[in-house]
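Following this line, the structures themselves.
Two complexes are shown next, each including chain A; its partner changes from chain B in the first to chain C in the second.
Right after this comes the complex of A and B.
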C-alpha cells in the first residue's frame, strides 16, 4: 500500500485552507486557488485539501463512482478516519457530478435544523466564470459560474433554508455554491 | 510540552468549529449549534468570539480586538495578547489594517472592506428568548417563520412608550428570512450590517451557537411603516476630544457634581481624527 502525504504542517495548512474555503463560501461563484497536495487519483488536490481540513471521524463520508477506489479508501482511513457510508447518511460526499447522483439522496436538513444537511464536493469539472447567473448573499451584484445541472441546483436553492451546500473542485481550484444562492433569473 | 497548538484549540475542535461556520455562512441568520469548549477565560468574556476567531486565524492575519469600541480595555487587551501568543499573529488597533476584528458590542465607525472578518461576542443569540423561554418553541418559530410575537412586542413598546424602546441588540431580519439578534451593539450600528462587504461571524460560547452574515447580505432592522427604524445616538452632542458629530458617543461622568462629557466610543476612530487634526494644524 502506497500512501501519499497529507498536510506538511497540519495545523497551519488546515487553517490556511479553511480561510480560502470560507472566502469561497462567503462569495459564491468566486474561484479560489488551494495549495497543491498529493491525493490518490482521481481525487483533485483541491478536494483532498478540503477533506483534510473539514472531515474526520465524526463526519460520515460518501465516496461516489471512480472516487470510491481502494487507494482513496485507504487514504481516507489513514488521514481522516471518516466512516464510509452511502449517500443517505453522509455529512460529506465526494465524486464527479454524474457519479454523485440525484441530490435528493443526501440529507437535506430539517426545517428546525437546516444545518444538518450534507456538503457535496463535486470534483473534476473545469471551473469558469461564465454560464449560470448567481445572485444572493455574498454577491455584490451578480456572479457567473459553470454549473453541471442548473435545474437540479435551482430546485436545491428553492428549498432554502434546507438544502445542500456544494463545493466545486478542479485541480487546485475551488468555487462554492451554498444553498442561499439564487440561480438564473434577472 | 511548553507550546500550545496553533490558535490554542486542538485540531478536532477547530474542524468542528469550521464546519459550523461554513453552515452558518450558507444559511445567513440561522444559529448553528456547536460544541462550545472551556476557554481560559470566563463565560461573558467572549468565549464564543474567541473560539470563532481561533478557528479562522492564519499566521498572516492582523488582529484587532475591541470592547465597546475601545482597544485599550482589559478584555480587549487580554484577548489580543492571547492570540499574539498562541497564534503568533500581528495585532493592531487600526481598523483599516486589521484582517480579523473581534468585537464586543460595537462595529467600528470606519466602513469595513472586502476580505475583513468581524467576529462578534454574543451573550444570548436567540432574539426570541425573552418572549419564549423554551428552546423547542423558539426553534419551531424560526422553522415556521412565525415571528408575529416579535412584532407584537415592538407594537407594545410603541403603545406604552410611544416608540420602539430598544437601544441595543435591536432585532434584524436577514435576507427576508431569519430574525437575528445582532448581539448587543447599539442600534446606531445596525445600518452598518446591511450589505456590508465584510464577513460577519457571531459566536455565543455559553449558548453554543454560531451564526453569520455573508458579505452583501440584506439586513433590515424590524420596524413599522408608520414607526420607521431610526439609528439613534446621544442627541445634539459631539465628541469632546475630536469633535466628531457622526460617531457613536459614550457619556462619561467626570465628577460628583453632575459634570459629564461625551466621547467617541470607537477609540481608533477618535485617535485617527485627532492625529489628522494635529497634522492639519501643523
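Right after this comes the complex of A and C.
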C-alpha cells in the first residue's frame, strides 16, 4: 500500500474543483477537465478530485466492484474519513457502470426531500460527444454524450424531481448528467 | 525507570506534549528525505469531558490542533496531531513517528523518548508533591460541640 498526497493546497484546489464540477452539472453533457490527483487504481484522477472535493465524514460512500479494494479503502479512510456503506445508505457511490448495478438500489430521494438521493460517480468509461441526445435545463439546443445504458437513465430522469445525479469520470475528464436532463434516443 | 520500549500510542502522546524546543534539542539532526501525505493543517477539535470521569460526556470546549502526515522513501508513514498552531512541531512530530517505526527507532527511543519520558514523570511527581503539601487533613479537626 502506498498512500499518496491529496490536494497540494486543499482549500484552493477543492474550491477550484467544486467550480468545475458545478460548471459540468449546470451544462449536462459538457466534458470538462479536472486536475489529476494520484489515487489507487482503478480510481481515475478525475474521480479522486471529485471525492476529495465533495465527500467527507458526513457523506456515506459506497465503493462498488473493483473500486472496493484495500488500497482504495485506506485512501478513503485517510483523506476523506467517509463511512463506507452499502448502496441503500450511500450519499455518493463510486464504481464502473456494471459494478454500480441497478440504479434502484440507491436512495432516490422523496417528493418532500428530493435532495436525499445519491450521486453516482461512474468511473472508467470513455467520454465522447456523441451517442445519446440530451436536452433540458442548461443545454441551449442539444448535447450528445456517450451513455452506458440509455433506458435505465431515461427511467431515472422520468422520476424527476426524484432520482439520481450522475457524474461520469474518465482519466482527468468529467461530464455530468443531472436528473433534470431529458434523454432522447440517438 | 526507563521502559525498554514504548508503544506507538505512548510515543505519539509523548511527542505531542513535548515543547518544540525540547524536541529540537534532543533530535537536532537534519530531517530525512520525505514526502507529504498531508501538509500541516491547523484546525479545531471539540474536547469532551465527564464530570468525575464517570458522568455523561459533555463538550468542554474547542482546542486548536495541527496535524500532519509524512511518508519516508521506505514507505513508512508517520502522523502527528499536536495542540496549538505550530506547523513545525507537527512536521517534526510526524517525522519522529515515522522514524521510530524504522530500524532507527531503537536509537531514537533511547536518545529522544527516554529523556522526554523521564522529564514528564519528574514533572508529574513534582506537581503531585506540591499538591500533597497543601492537603488539609480534616480528621485532625475536632468539632466544638459535645
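By definition in this document, the second predicted complex is superposed on the first by the 183 of 186 C-alpha atoms of A that agree within 3 Å, B and C clash if a C-alpha of one lies under 4 Å from a C-alpha of the other, contacts with A are read in each partner's own complex, and residues count from 1 in each chain.
In the analysis below, a contact is a pair of C-beta atoms (placed from the backbone, for glycine too) under 8 Å apart; a residue touches a chain by one contact, two chains touch by 3 or more.
These figures come from a predicted structure and were not determined experimentally.
Judged by the touch definition given at the top, the superposed model places A:86 against neither chain B nor chain C. In the overlay built on the shared chain, the residue A:27 is in contact with chain B alone; chain C does not reach it. Set against each other, chain B and chain C differ in how many residues of chain A they touch, and the higher count belongs to B.
Legend: residue contacts after superposition of the two complexes on their common chain; A:98 is shown touching neither chain B nor chain C.
In the superposition on chain A, A:180 contacts chain B only, with no contact to chain C.
Contact with chain C, but none with chain B, is seen for A:4 once the two complexes are overlaid on the shared chain. With both structures placed on the common chain, the touch criterion links A:36 to neither chain B nor chain C. Residue contacts after overlaying the shared chain place A:139 against chain B, while chain C stays out of touching range. In the superposition on chain A, contact of A:54 is made with chain B only, not with chain C. Once the two complexes are overlaid on the shared chain, A:19 sits against chain B while remaining clear of chain C.
Counting contacts by the rule stated earlier, residues 10 of chain A appear in both its interface with chain B and its interface with chain C.
Residues of chain C touching chain A in their complex: 35-39, 41, 69, 71, 75, 77.
Residue ranges of chain A in contact with chain B, taken from their complex: 10-12, 14-16, 18-19, 21-23, 25-27, 53-56, 58-59, 110-115, 117, 119, 136-140, 160-161, 165, 178-180. Those residues of chain A that touch chain C in the shared complex are 2-6, 8, 10, 78. Considering their complex, residues 5-7, 11-12, 14-16, 18-28, 30, 32-33, 55-59, 115, 139-140, 142-144, 175, 177-178, 197, 199, 213-218 of chain B touch chain A.
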